[in-house]
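Presented sequentially are two complexes of subunit A, the first with subunit B as partner and the second with subunit C.
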Partner chain A sequence: MFDDVKYLKFKSYLNTYCPHCRNSFNVERKDQKYLVYKAIYKEQEIELKLSPFLDVFEVESSVPIDINDKLTDLLCPKCKKSLIVEEPVCGECGSPVAEMIITAFSKLIPFFICLNHGCTWHGLTKADQNKIKLKIPRQEMPEQDMKLRAANHTEVPYGYTTELAQLEAGRCLQCKEPKCVKGCPVNIDIPTFIRLITEEKIDEAAKKIKERNVLPAVCGRVCPQESQCEALCILGLRDKPVGIGNLERFVADFERKMDLVKVPIISNKLNKKIAVVGSGPSGLTVAADLVQLGYSVTIFEALHESGGVLVYGIPEFRLPKSIVSFEVDYLKKMGVRVEMNHVIGKTITIDELLQHFNAVFIGVGAGLPVFMNIPGETLGNVFSANEYLTRMNLMKAYKFPEYDTPKPRGNRVVVIGGGNVAMDSARTAIRTGAAEVTIVYRRSRQELPARHEEVRHAEEEGVKFMLLTSPVRYLGTDQAMLKGMECIRMQLGAPDSSGRRRPVPIENSNFIINCDIAVVAIGNSSNPIIFQSAQDIKRNKWGYIEVNPETNETSKEFVYSGGDIVTGSATVIQAMGAGRIAANAMHNKLSAT
Partner chain B sequence: MNNFSTVDEILDFAMDAEQKAVDFYIDLGEKMKNEEMKSVFIEFAQEEVKHKARLMKIKEERIFEMSAEKIADLKISDYVDTIQITPEMSYQTALIVAMNREKAAFKLYTRLSAKTDLPGLKDMFLSLAQEESKHKLRFEIEYDEYILREN
Partner chain C sequence: MFQIVRKQEMAKGSIIRFDILAPKIAAKVKAGQFVIIRVNETGERIPLTVADKDEFAGIITIIFQVVGKTTALMRSLKEGDTIKDVVGPLGKSAEADKIGTVVMVGGGTGIAILHHVAKAFKESGNYVIGILGSRDQELLILEHEMKAICDELIITTDDGSYGERGFVTQPLKKYLDERYDIKLVYAIGPIIMMKNVCNLTKQYKMPTMVSLNPVMIDGTGMCGGCRVTVDNKTQFCCVDGPDFNGHLVDFDELEKRNSIYLKDEKDSLLFSIR
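On to the complex of A and B.
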C-alpha cells in the first residue's frame, strides 16, 4: 500500500536527510544513486543501500536479509542516531518505521519507511500529505503551439498524459463533504472518480462518471467547469482548483483509446417505443437512458449528421467530431435507431409520432438565430453564426472544392457578440485564412459570457477584441455585398435595480470598420417549425416549451421536452440533465400504464 | 397639435393616449397567430391600463410628484431598423413595437413641455415624459437582457 505518496510523481528522485543532524543520505557515484544507512540486523551492524527513487524498492545490504525479517534499528551513518520513531507505525504490517526528511515542493517533510524487509509501505503523515498537496501546482494540459494551431483544425489541447493526470488527481483533498459535487449539474461523484485515477483504476473511474454523465469525453471538453464544479472546489480557496474537467476528459479518452468501452447487453426488452426528436445532448441522453431500460428508441434528426450543436456548432478544434460519432455509434450498438433527414413538424407531425410511439421527447434545441434588426442585415456576407459555423463545420466549406459548399469570400471578418458562439466563429475564421478577425462586443471584458479559456485561445490565435462597441448598420457595395460596418462606442451606465451596468451608446462616437464578412453571434431563439402542427404544446412568450420541472412533461400528455428548447441557449450538461429528468419520468409513467 | 391651458386638459389627453395604446395592443393581440404572442399583447395592454389608472388618480387627488430621478436611456430603439407587423411576429419584434411607442410618447411630452412656459403645465409634461421613459426602460432592459444576451 503506497497510495499515500501518489501525489509525488511516480519514481521521483527523493532528497533525503537525517532528522537529527540533517546530513544527506543520498550518495551519487557515476551513474549509480542510492541512499546509504547503517542498520542493526540480527545484532550485527550492517550497511544498507536503498533506491532514492520513489516506489523502486531495491535494497542492497552487506549481509543478506531474509524476507519478512525486521531490522532491529536503522541509523544515520553520520551521527549514528537511531531513525526509529514510536509513531506512526507501518500502515501495512504494523511494524516499527524509520523517519527521514525529504524535500518536496520546496518543503522539508518527514517521510517514513517500514523496517520489515519485503514490506513496501512508505508514507507521510496526513497533515504533511495535505501540505504537499497544496504545494503541487495545478497541472495544465499541454496545448498545440498557437501559431501552428491557427492554421489547422486539430484540437488545441492534447489532454493529460497518465503521469500528469495522476499528479493532478493527487491534488484532490478527498473532502468528506465535497463542494465540487454540488457545483456539478448532474452531481458526478467527483472525489471518487479522482481517487480511482490515483489508484490507476481508470476504467472504474470511467464507470463512476458514466453513472451520472453519458458523454464525459464531450463534457470534459466543453463544460464551463470554472463556473460549476471547479468554482466550488475547496482547493480553489487557497490555490487553483483541481482540474476536474481535464481529469474527466482524460478518463473518457483513456477508456476510448484503450478500447475499454463495453457495450452493455440489454436483456429485458420492453414492448414500448420512444421517439426522440433531435439528436443533441438532451436527445442522446434520453435515448441512452431509455434504451438501457429496454425501450426501443428511435431518434429523428433533421440534419444528415447526429449530435446537434456538438457537430454543427462547436468546431472540430474544440470538440473533434470523431468523439461525437463514437458516442452516437455506441448508442446505435445498444440498439438505438437514428433516422436522419427527418424534420419533425414537416415530414411527420408530433401527433403522427404519438400514433406509433408510446412517448415522444422533443430536444430540438434553440436553433433560430437572433439578429439585431439594424439596417443592412440582408446584405451578402452578413451571416448568422449558425449558418457560418454550419457551413464551416458540417459542410466542411474550408475543404471546398473537395466538399460541395464553398467558403464565403472575404478576408476581414467581424464577429458580433461575446459568447462561446462568437469565439468559435472568430477562431474558425482565423483557421480558414481570414487576414483580420475582430470581435465586436457591446459590453466590457468583464461581462464576456464566453469561457475564459476560449477568450484566451482566441486572443492567442490573433483575434482582436473591440469592446464597448456596437454595430449600428452595415454598409454595402453596389452589388449588395458587405463592405463595412458602422459602429458606435458604448459606455456602461450606472448599475440598475438588478445591479447590472447596462451599455449605453455615446452620442456622436460613430466610426466605420472595413470588413467583408460579418458573423452575428448575439444569441438564438426557438425554431417554430415543429410547432406549426403542434399548437397544443404550450410555449412561453419567447417561444420556448413550458414543462413541468419535476418530470419535463409538456402540456401534451406523453410528450416530454428538455434542453435549449425549454431553457433557451444554455449548456451541454444542462441539456443532458434535462434529458435524464425526462427519461426517468417517461419510464415511471410508462411503467405504470 | 392641441393647445393646453390646464393640467386637467393635459391629463385627459394623456389618458386618452394610454387608452389608445390599450386598444392598439388588444387589436394587435387579436391578430396574432399563436397563443403566446396573443397573451404578450394582452399583458402589454394591461400595463397601459395601469398607466391610465395612475393618471386618473393624479387627476382626482391633484397631486403629482416630479422626481429628480434620472431615468436611464439605453437607446436601443434608436438603432433598430423599421419593423414589419405580421401575425407571426416574434417577441423580439413585439418589444421593438413597445419600445418605439414609449419613445414616441416620451418625445411628444418633451416637445410639449418645451412649448409651454406655464410652470405647472411644464412640470406636468416633464413628469409624463419621465413616466414614458420608465416604461421604455422596462422594455429596453428586457431586450438588453434576453435578446442581446451574448452581445
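On to the complex of A and C.
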C-alpha cells in the first residue's frame, strides 16, 4: 500500500499541522525554518526539529540521538497528544510511524514519518501521492532567449537541471501497464528509467534506456514524442503528459557530461562479419546491436563524416554535432569499424560486400530530393532542402569564407513545405542573417507535419507562415537568379487517403512573393545509386526496398534493410526500430547457420 | 587520407596533374566517371573527372585547371602530401562500344577527360579522330598521349601559334562534310565549346555526347545541386550523367548555374590570401 516516496525530493516547502488540534508545526527561528515537535526519547522529553524542505529533511534534536535508536513517541508541542498511528507502518523498516497533516497543492492530506532515527522514510498513501503528482505542472526545459538564439547556432533548449528532471520524473504515475512503452518504436522501459531518475540513479537510468536505444541523446532531442510515447501517457488525458523525451535527453546528457559512459567489454567474439551501408540512425543501431553480440561490424559511409542525416540534415542548434560524434566514437570504442568515403554501389557493390561479409544491412536513407516540377526550378538560389542544409551543416557554409563552401546569398528566403526539414531550413536561414523567412505550406496550420516544438521555435524566432499557399512558378533575373515566386491560394477539400483534407487551388488567386532564395523541402525519393549494381534487390513502385516486415530481409538473401529506403521519409526513431528488427533477424539467421 | 604520389605542372602551371593513391577507386573507375575531392577539414567538395588510372598500382590521375580557391590550394600541395577525402568513382561511365569511327573533340582541361574516354573507344576497336582546341600552344595538354591514341589528330589554337588557327568547329565541320562513316562525336571542354559543337552537329544530325561539370556537393544524388535540363527534363548530373546527349542539353542554363558562385569564389580566394 505504501511506496518509497523519494520522488518528493524536490524543493517544496512542507506546511504541517497536528491532526488533533490543527496546530502548525512550522516555526521560524534565526532566519531558519523548522518543523518543531516534542519527542520522547529514552523516557526523556526532548525537542525535535525537522527541516520543512522535503529534499533535505534533516533532523536536529536537543539531545543527541543514536542513529540506531527509535523515538518512543512523537507529540504535538501544543496539545501534547501522541502523533503515533497503528496503521500504517514504515515502508522501509516496519517501525511505527507518526501521522501529521500537510497541505499540498491546497489540499490537506495525511503524511507520515518513521520514528526510527536511522530511517529516512516518510510517506504518503499511493492515492495521495498521485493526487500530488497530478498537481505538479509539466516542467519545460529552459531555453535560449528567442532574440539571442536567432543569431547563433548553439542549441536552443538548455536541458533539464537535476532538480527539474527529478520534479518532472516525479510526475510519472508508474502505471502497472504502461502505455507509453507501446508508443515507443523501440519499446524503451520508460517507467523504470523514470523511477531510476527519482531515485537519483541516473547512470542506471541511462543503462536502462541503452538496453533498447543506443542513441538516447539524439532521440531525446529529435524524436516526435508528442505523437509517440507522450501521446499515450495517461497524464495527458487530464493535463500535459510526462516529458519523456526531455527526461531521456537529460539522462543521456548527464551520463555523457559526468563521464559515466562505460564501454562494455564484449567477451564472446563471433567469427562473423557484418557490413552496414550508411551511418545514419538505422545503420548505427544495427552496428551497436550486433557488435554487442560479438559480430565484427564495418559501417560504410559515402560522405566524409559519419551520422548520415544526423550530421548533414539536422542543424547544429537542434542536435549538436559533438553529440553525434560522441555516439559514433562510442561505437568505435566497442569495435565497430567506420569506413568513410565509400559509396556502396560505386566504390564497392553489394555483391562484393557479400563475398567478404556474412550479411549486409542497407540503411542508406531516401536521399534523392523531390522537386515540384514547376517552371524555373533550375534558377540560381533555388535549392533542395538537402542541398541547403548540407551546405550549412555538413560543409559549414555559415562560416564562409573560413570554410570554403559558399553560403547562398540572399535576404528574403522562402521555404516550401511544412515538415521538420522545412522548419530546420527556415530556422537555419534566420540564423545566417536572412531578413525575412517565410514558410509556404499548401495545407492549414493543423496539418503541419512538423513537431509542435519546432513550429513554436520557428515562430518565436521570426519565421512567417504563409499557409494554404502553393508555388506555381519561379521568376528569375537576366542572370537566371531567383527574384520571386508566383503562388496560388489553396482551400481544403475532402480528406484524401492519408486522412488529411486535400488542398484545392482557388482559381485566379495568384500572387507573387519577392524572394531571392527558395528552399524546396517537400521530401525525398529513393536514391538509385546502390541499385544500379544490385538489380536483384526487389523494390516497390516508388523505388523503395521491399522487405519482409518481420525480419526486414530483402529479396536478396543475407541482405537486410531498414529506415527511409524502405519506408520513405520517416523519423529517426522509426529508422532505429527498423534497424533493431533487422539486427535481431540477422543474429537469428546467422546463429542458425 | 589519400597520398599524391606524383605532381606535374602543365601549361605554365595553370593546369596541374596529380597521381593519387586510391586503390579501391582505381580498381573500379571507368572512362567518364569522376571523383569528389575535399582537400582539408575546411575544404569544399569539388567534382573532378578521372583522366586516367593504373589499377595495378592503385593510382588515379586527375588534371585540373587552377580557377579558384580549392584548385589554388591544390596547386600548393607537393608530392607526398595528402588529400583528406577522395570518394568515387561516381557517375555513369561513358559507353564506349565498338561503333566504327568516332570524333573526339576536346578543349582546355576537357582534354584530360577526353583522353580517358578516347582511350576507352580506342581499346574497344574504334577508329578515333581527335580534334584538340586550345588558346595557345603553351596551354595545350596531353598532346603526346592523344597522339598515341588517335588515328588522326588535329590541333587548333585560337591565335594560330600551333596547329590550325581557329576553333575546333572548323576541322570538325570539314570531317563531317568529307567523311560519311562517322558514327559519333564526343565533345568535352568549356561549355561554350560544347554548345558550338552541338549546334554544328545538329545540322548534320550527328549523335553527340558531352560531359557536363555543374556545381556539386555530395555527388551521390543527395543534394540535387547539379541539376541540368536535358530534353526539358531535370536530370541530376551526378547520378544520371555526367555524359548526356549534347543535342538535348540546355547549355545556357548550365552556364548561368555554374556562375552563381563566381563572386564567392573570389571572396574565398581573397580571404585565404589575406
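Keep in mind that, in the parts below, the second predicted complex is superposed on the first by the 538 of 593 C-alpha atoms of A that agree within 3 Å, B and C clash if a C-alpha of one lies under 4 Å from a C-alpha of the other, contacts with A are read in each partner's own complex, and residues count from 1 in each chain.
Methods note: a contact is a pair of C-beta atoms (placed from the backbone, for glycine too) under 8 Å apart; a residue touches a chain by one contact, two chains touch by 3 or more.
Fair warning: this is a prediction, and the values are worked out from it, not measured in the lab.
Q: Go through the superposed model and pick first if A:Met481 touches only subunit B, second if only subunit C, both, or neither.
A: In the superposition, A:Met481 contacts subunit C only.
Q: I'd like to know which partner A:Thr154 touches here: subunit B for first, subunit C for second, both or neither.
A: Neither partner.
Q: Just subunit B (first), just subunit C (second), both, or neither: which does A:Thr103 touch?
A: neither
Q: Figure out whether A:Thr162 sits in contact with subunit B (first) or subunit C (second), or with both, or with neither.
A: Touch status of A:Thr162: no partner.
Q: Considering only touches as defined above, state whether A:Lys541 meets subunit B (first), subunit C (second), both or neither.
A: First partner only.
Q: Would you check which partner chain A:Ile529 touches, where first means subunit B only, second means subunit C only, and both and neither mean what they say?
A: Second partner only.
Q: With the two complexes superposed on chain A, say which partner A:Asn588 touches: subunit B (first), subunit C (second), both, or neither.
A: neither
Q: On the A-aligned overlay, A:Ser555 touches which partner chain: subunit B = first, subunit C = second, or both, or neither?
A: The answer is neither, since A:Ser555 touches no partner chain.
Q: Per the contact definition in the header, classify A:Asn373: touching subunit B only (first), subunit C only (second), both, or neither.
A: It touches subunit B and subunit C both.
Q: Pick out the shared contact residues on subunit A: the ones touching subunit B in one complex and subunit C in the other.
A: 373, 377, 528
Q: Residues of subunit B touching subunit A in their complex?
A: Per the stated touch rule, the residues are 34-37, 39-40, 72-75, 78-81, 83, 88, 90-93, 96, 141, 144, 146-151.
Q: Where on subunit C is subunit A touching in the complex?
A: Going through subunit C, the ones touching subunit A are 24-25, 28, 38, 42-45, 69-70, 84-90, 92, 217-218, 220-225, 227-229, 234, 236, 239, 250, 253, 256-257, 259-261, 263-265, 267-268, 270-272.
Q: Tell me, which parts of subunit A touch subunit B in their complex?
A: Residues in contact with subunit B: 370, 372-375, 377, 416-419, 421-422, 441-442, 449, 470, 472, 488, 493-494, 496, 498, 502-505, 521-523, 525, 528, 531, 535, 538-543, 568-569.
Q: Report the residues of subunit A in contact with subunit C in the complex, numbered from low to high.
A: 302-304, 312, 340-343, 346-348, 367-369, 371, 373, 377-378, 380-381, 383-384, 386-387, 390-391, 395-396, 400-407, 409, 479-481, 527-529, 532
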